[in-house]
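Two complexes are shown next, each including subunit A; its partner changes from subunit B in the first to subunit C in the second.
After this line comes the complex of A and B, so read on.
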């Protein structure tokens, strides 16, 4: 027998790989009676309004455990406060993974916060499921195969606006105002997905920084260029400024507004509700204040859940509906796991959802994932500001397949 | 050419914001010879106090003047409690205190009033848009208020004994003390007045950019550029500098460097002024003999 160098190395590699195989068969965070699930949430700090999402999950799992849990196990949901501060997210995530030994992470909230831990959790091969952020990069199944988003990404959203605009005005000249960061740039990519080589002739894109005092100069530039339509990818403060200035200048473009900034209280009212009439945005969740859902079976189920488990929660807060939708998607994954909660199986099932209907989503919108599709929701419906409320119109539109 | 004219008008409107904050920076520099990095956060806190008063039903102008009074007291108290103990410490200590103040006041404001955007009322209302909607009645009003404050500051420092005493206490505390000026009192008064001017600036800025705890973060930098450009010891120069930065920023952003480098323009102005003419365009070069 000739033992050449290559064979020797291969044998060495196999013996090195052996412990890893054993590891994969272990099931961290899972015992005969319990599954530990971890999350980081902004219970304090600037984004603390979203903390209710974590509270909703806690209430949901408590109720589930009272009914016997899943596959004979109770769920131990551990959500730590990161104050929306990335360094704290790293610290709390390490605590969840290394000390609490959770089986996987679920619905960790925020783009900067998740960006800080995505490398770590992928190195540790911890499933990082259904993040609470709209960045497109969570769909990158090739580079971060243990991370998967949930809600429609900003890029998908921009694709949908672009599809609508081209149907209305095939030769539209689009002014694109975006925040100069990952959030804003996703919209540029989405518009480019649809327009392709025509992007340069049909679009004028301008940026603003969060440190800018106003975006007046940018708006003046877009109008002077001759834009007949406008897409605004801005956070609430600058969105409100934009709506007000565009109206005051007497400019009346078809105006698409990022659905990050459609809050009535922090955007439309400050801008002046009448000034935003006609603005188009998108939705994928059922709005709890929309009377169309007063007798909707899915929303009745959600309302019953709220009354029973979160009696003092604000029934107008859409974050609760979001939480309800995302936790039901997770339940489907856990059911599909069929008692095998090893990390690789959890991830395999998360990437194997087929036409899942969730009560919180608008009718017709389905959750779909596959090993090559880590964007669970790619459909949305448009809605228009009437001067006092958002009114949905048209059918469900699906983002581009890219 | 339409676009150019619009950019200039919009720049003047934004410049008015910078001018009013630049004035507050000049005020604190005149009175204490320090640049207070927490000036913006203090102004934001004052604006939130005014917002609270107005939402509680206090009439605008009453709330306006009450806020100025409250801010004056807060400013004087900060000097008494936080800066008096480090009065003779090296400049780096002061910088540390100012940055600490910035963090404490900024976070406290968010903790008390929340981080959501709020609408701040304006007393200047017009039925129709002015100059093609590029300038609001409020922005004209802001400019008027800034000019009034400028006049008051100018008269105060130039023609009143108190103003003279305050300048003396800032320039040369030891000699001032020898000629019978109560330097401690002057510094506290100076902080109070600077906080009051900052409060006015905050209340003028908030209706345009909307009120939130980080409202002043970027504005302070542009205002600083404006104040340095005009001359940090010259109120009139600082106001002109503020307007100039507003226009320059727009023109550079729209025609020269692109919107991504607008903030860089402000930083370049700061560095160029400090390198080429540290006293600013309208400042006096002061030689001091030690």
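After this line comes the complex of A and C, so read on.
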């Protein structure tokens, strides 16, 4: 059933007394010539550095439309600015769903912002696909069946570190330093997933607050407890402090560092590049600055896309690679929809990706979803700091099935 | 959006009849009736998203009104009213999600808590004037989002995850949707508070507040208790802004520390100045301004909405140095002069 927007608005105005919940088989936002897709992005405000993800999507769909679109339809991608403010996200999402009548939401960015709308979109049964956030809760297919994440969650990341650690030292004593919020707590859950009942004897977990001045006392207490390995789930400022402190007190544990805080410019250099030698972290995207990808077919495809469509974009900004990867996952969903863009079918196909290979992902990492797996990427590769750069090593490790 | 922008003036007229002392009774009645009709018209004219936007605009207007009491009428600059907005929102959210209170019962609690906090802030304010007070209140606004995440209160506030709550359902006898009901609730509460504030300002206390602002020494010489006036002004102001916070919590159905960053305080301040300092009607315009102008800015340029917003703001302040209310005042003055000559 195809309706144009004006007819929908008229119908909406006529039946104001009825809640505008659309039947899942209907196809709002889809006409014979167009599919409307909505997103909210921080084009302004504290997280505006991530706004390039939205711009990359806009450029991608523009290029796609120039080549004829998909299934005979052009994509009308509408991204509104929410300034990373949850109330604004609610307003913009309602604008997208009720006024613009988008078919679904794609890659809305931020954990607090998505938290504010997750109930609304699930009540309205609007597919809420491939969010830009690393929180684990977007994989909760039972409670929020219309919401699905994309990138490996922090919990998955912690599981992968634990698998590696146990392979190296089955009786390791792990010191876990984490930020006292949902970001940090996802790591605790991930470690517990792997260790199970042995968690209490093998792990000592300490927290810090974002408002703390230093994490010195926490690190001293972990060393005093006798930890021979350390996992740091911290934002850049505290990660740099931790690296420096651990080195300066002569402690040499196996050190796993959250991949939130692996920026050379904001973490490794302030900490002192030589002090971080040997630190282990993880990756799932191809790093645009890594010379290993200079002749990689996937990255060449990305570079050609950038040159053609975003000529003034920063080719070193990994956010563009992320955007390219996530939009290709969406394209696979749309292809699988096979012309039926009803909301329930879009959601069914999003939860039916099988071993999808995406140019932006490290070789061997595949996107997999199912009706009971809303964590599309669960594999990562470890990498080690050599003193000047991150060097990948070992094979692809998969998180636990929990 | 164009359908919504026609309404602001109408809503504006509702709670504050702009009748002068000399206006005959039937004219006043007509103004009030016209205002009520214009405030209710959106219920039938707007679809749910625009109604939601208008609801948020009225909530912001109420918060700006709170700020106007202490900054506009009493001359104490506050850059921290976002903090009271947050406290009000969290009072309602905590009571509704942890204790299953009905929304209505959370309002008096939220009002009392915010008034107490405001009264408390009023004391240091006595010793700090002008820029120093602005900075102190600014510090409060910076601190609140972090305090909400603190371990000691995390079990109550939900930490960074925030709290979810559910909008009150419309009573069974009213054939309205939840969105229409929340609009009705917000407009009614706002109308009552606007009326009470208007009543307060035009009377003895309002004159005392303004006298304290304009010439504290003279006011004190005339026997006004400046300390008591200033702290009470802060309390009333925090109460009004806090209730706006409560309303925003149920309209959004979610509170989180990230919803109440320092930008909320700045936004309220911008709303006050753009609407008109020391003007009740101006507060309404301020609320509409801070909600709709960023959207207009975004529709003009997605690349740099902040720049467009800034340009619009500077342009408006250049054309209307005393805000929308000042423009209205000058226009009516000109009309009246034209009418009598």
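Convention: the second predicted complex is superposed on the first by the 380 of 402 C-alpha atoms of A that agree within 3 Å, B and C clash if a C-alpha of one lies under 4 Å from a C-alpha of the other, contacts with A are read in each partner's own complex, and residues count from 1 in each chain.
We adopt the following convention: contacts are C-beta pairs under 8 Å (C-beta built on N, C-alpha and C of every residue); 3 or more make two chains touch, one makes a residue touch a chain.
Computed from a prediction, not measured in an experiment: that's the story for all the values here.
Visitor: Could you tell me whether subunit B and subunit C fit or clash when both sit on subunit A in the superposition?
Guide: Clash: subunit B and subunit C overlap once superposed on subunit A.
Visitor: Look at A:190 in the shared chain and tell me whether it touches subunit B only, subunit C only, both, or neither; answer first, second, both or neither.
Guide: In the superposed model, A:190 contacts neither subunit B nor subunit C.
Visitor: Should A:119 be classified as contacting the first partner (subunit B), the second (subunit C), both, or neither?
Guide: It touches subunit C, and subunit B stays clear.
Visitor: One more residue to check, A:221. First (subunit B), second (subunit C), both or neither?
Guide: A:221: touches subunit B, not subunit C.
Visitor: Would you check which partner chain A:298 touches, where first means subunit B only, second means subunit C only, and both and neither mean what they say?
Guide: In the superposition, A:298 touches no partner, neither subunit B nor subunit C.
Visitor: Please work out whether A:181 is in contact with subunit B alone, subunit C alone, both, or neither, and reply first, second, both or neither.
Guide: Second partner only.
Visitor: Tell me the contact category for A:208 with respect to subunit B and subunit C: first, second, both or neither.
Guide: first
Visitor: After superposition on the shared chain, which partner residues are touched by A:325: those of subunit B (first), subunit C (second), both, or neither?
Guide: In the superposition, A:325 touches no partner, neither subunit B nor subunit C.
Visitor: Scan A:95 for contacts with subunit B and subunit C and give back first, second, both or neither.
Guide: Only subunit C; A:95 stays clear of subunit B.
Visitor: Can A:43 be said to touch subunit B (first), subunit C (second), both, or neither?
Guide: After superposition on chain A, A:43 lies in contact with subunit C alone.
Visitor: Quick one: which of 1-9, 91-99 or 109-117 on subunit B sits on top of subunit C after the fit?
Guide: That would be 91-99, the only stretch with clashing C-alpha atoms.
Visitor: Using the superposition on A, tell me which residues of subunit A are in contact with subunit B and, in the other complex, with subunit C.
Guide: 46, 180, 209-211
Visitor: Where on subunit C is subunit A touching in the complex?
Guide: Where subunit C meets subunit A, its residues are 44, 47-50, 52-53, 56, 146, 149-151, 159-162, 164, 175-178, 180, 248, 252-254, 256-259, 261, 263, 298, 302-303, 305-306.
Visitor: Which part of subunit B faces subunit A closely enough to touch in the complex?
Guide: Interface residues on the subunit B side: 2-3, 6-7, 10-11, 13-14, 17-18, 110, 115-119, 129, 132-134, 136, 205, 208-210, 212, 217-219, 221-222, 249-250, 253-254, 259-260, 262-263.
Visitor: Using the touch definition up top, name the residues of subunit A that touch subunit C in the complex.
Guide: 9, 12-13, 16-20, 43-46, 79-81, 83-87, 90-91, 94-95, 97-99, 111-113, 115-116, 119-120, 180-183, 209-211
Visitor: Spell out the residues on subunit A that touch subunit B in their complex, using ranges where they run on.
Guide: Spelled out, the residues of subunit A in touch with subunit B are 46-49, 180, 206-214, 216-218, 220-221, 223-225, 236-237, 240-241, 245, 247-250, 265-267, 269-270.
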